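For reference, the structure discussed in these notes is given below.
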Amino acid sequence: MTSVLDDTPAPAFSHALRIYWEDTDAGGVVFYANYLKFFERARTEWLRSRGFGQEQLRTELGAMFVVVHTNVRYLRPARLDDLLQISVDITDNSGAAMSFFQTARRGDDVLAEGDIRIACVDSTTFKPRRIPKAVAYTGPLSG
Amino acid sequence: MTSVLDDTPAPAFSHALRIYWEDTDAGGVVFYANYLKFFERARTEWLRSRGFGQEQLRTELGAMFVVVHTNVRYLRPARLDDLLQISVDITDNSGAAMSFFQTARRGDDVLAEGDIRIACVDSTTFKPRRIPKAVAYTGPLSG
Amino acid sequence: MTSVLDDTPAPAFSHALRIYWEDTDAGGVVFYANYLKFFERARTEWLRSRGFGQEQLRTELGAMFVVVHTNVRYLRPARLDDLLQISVDITDNSGAAMSFFQTARRGDDVLAEGDIRIACVDSTTFKPRRIPKAVAYTGPLSG
Amino acid sequence: MTSVLDDTPAPAFSHALRIYWEDTDAGGVVFYANYLKFFERARTEWLRSRGFGQEQLRTELGAMFVVVHTNVRYLRPARLDDLLQISVDITDNSGAAMSFFQTARRGDDVLAEGDIRIACVDSTTFKPRRIPKAVAYTGPLSG
């Protein structure tokens, strides 16, 4: 489990989302598998904040991301109506794959955290390919 | 299938949401059952706009809503990255149950539309009960 | 809401499934939208019992089914560990679309029931097309 | 990522399941988060094979399992209509928590594999408690 680097070059990205009935289970709390969905929504919005939609990536650049590894700890339960903040920090960015450290927070409490690794594949052949340069660049956005 | 009443007393409520990978299926479009989730997110936000969270309803007023009937037509497919507007219009509001006409639109296109009926139950006994007055009131909000 | 015809030509098909944590919500019961999934699993197994997989339909016959209308009543809650029987009865079968009446039962109790209408489309163009003959035939199976 | 122990005391348990439309995403393959659901279905059936339902555990023994850590690798895609075998092997069993190594296979191919850690909590207070003895015992079943 990687920690957020103190001197991370890219600023953390954060996405807010609300907990609905669909997200909960009979234990009265959020079903743990759904944190993977929350983490992905935040990565998708991070990508969009950089100017890329996933559909556009596929159709225009012929690139698709696939998740290859998820390592997640579930620390405290989230409940109906909670407003969560999902963070996105890049921890590795090397050619054909990227790794992220992500957290789900309610206020100051970390409810879940994990490392997610995604690989870039050709959207037709599904073979590994380099991440398009414009996407891989993670320096400060010029606005 | 009820149409939106021309002289509906309450103004239509609308909730925006984004389509993510989790919402799609191998047909390349949104999995139809997920429109029920989208409709519910919008009803939940409508309720919140009136000052009520679902969890708060349960704990403070001892009331819970259960869905008893859904009648939905799927007209056009939604795709990854689409931004949808989900509308909420009350078509019946009588004591222990409420009916809504809801649509999912992308721009001017209606992708799905349907009638959803919910009943109010006691959150402990699950027996039908009247909807709390403050919730049932659907006149104009005083702000 | 159509009832099962007394003289339905095709024998009712039934598919058994178990309720898991993933199917429930914070109300302690099955999340209503999931009955659409259960109904679909049963239709898929009905199709398989006739010799057709959905993937095979797409690749070999160029045909895909899309759900165009679902009208469902939720009568009694299902709970964790329940074993449900999902029935499939054809109520209409005319060219490019089929309708089904389906129920979810636990023992003798009907928990949910509804009418589902599906249309056949070309898997490439997504234009309506006739249901392949071998699939549409709903007389008795010769074994 | 733990490997299956060569001299594991308990025989591996396996649960078969079918891939439906609901399990797939627009990439044409199974949505990766769903493997967590598949792994849980198999653990639930493993528990049932030992004589315990999850609902019964909660009501009769006041015990509930919560997932605290999932570490999963996604190796090959599963597709519509695939029949998967989900394995369950206990890798740790110490008092108030258990760890499992699980795989999803299609024939001889491992599609996903991972380590899942669950903790036992009191179903009312949600405080950690010892796993009920009858459940924790993982020696050979006497039949």
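Lettered A, B, C and D in written order, each chain numbered from 1.
Assume a residue touches a chain if its C-beta (ideal position, glycine included) is under 8 Å from a C-beta of that chain, and two chains touch if they have at least 3 such contacts.
What you see is a predicted model; the values in this text were computed from it and never measured.
Looking at A-D and A-C side by side, the one with more C-beta contacts is A-D. Relative orientation of chain C with respect to chain D corresponds to a rotation of 180°, obtained by superposing CA atoms and rounded to a multiple of 5. Separation between the centroids of chain A and chain B, computed from CA atoms only, is 28 Å. Centre-to-centre, using mean CA coordinates, chain A is 25 Å away from chain D. Inter-chain spacing, taken between the CA centroids of chain A and chain C, is 35 Å.
Looking at chain A, one finds that residues 21-22, 27, 33, 37, 40, 79-80 touch two or more other chains.
A complete topology is adopted by the chain contact network, contact being made between every pair of chains. Contact residues of chain C toward chain D in the complex are 18, 20-22, 37, 40-41, 44-45, 48, 53-56, 79-81. Residues of chain D that touch chain A in their complex: 27, 32-34, 36-37, 40, 64, 66-74, 77, 126. Of all the residues in chain D, the ones that touch chain B in their complex are 21-22, 24-29, 31, 33, 79-80.
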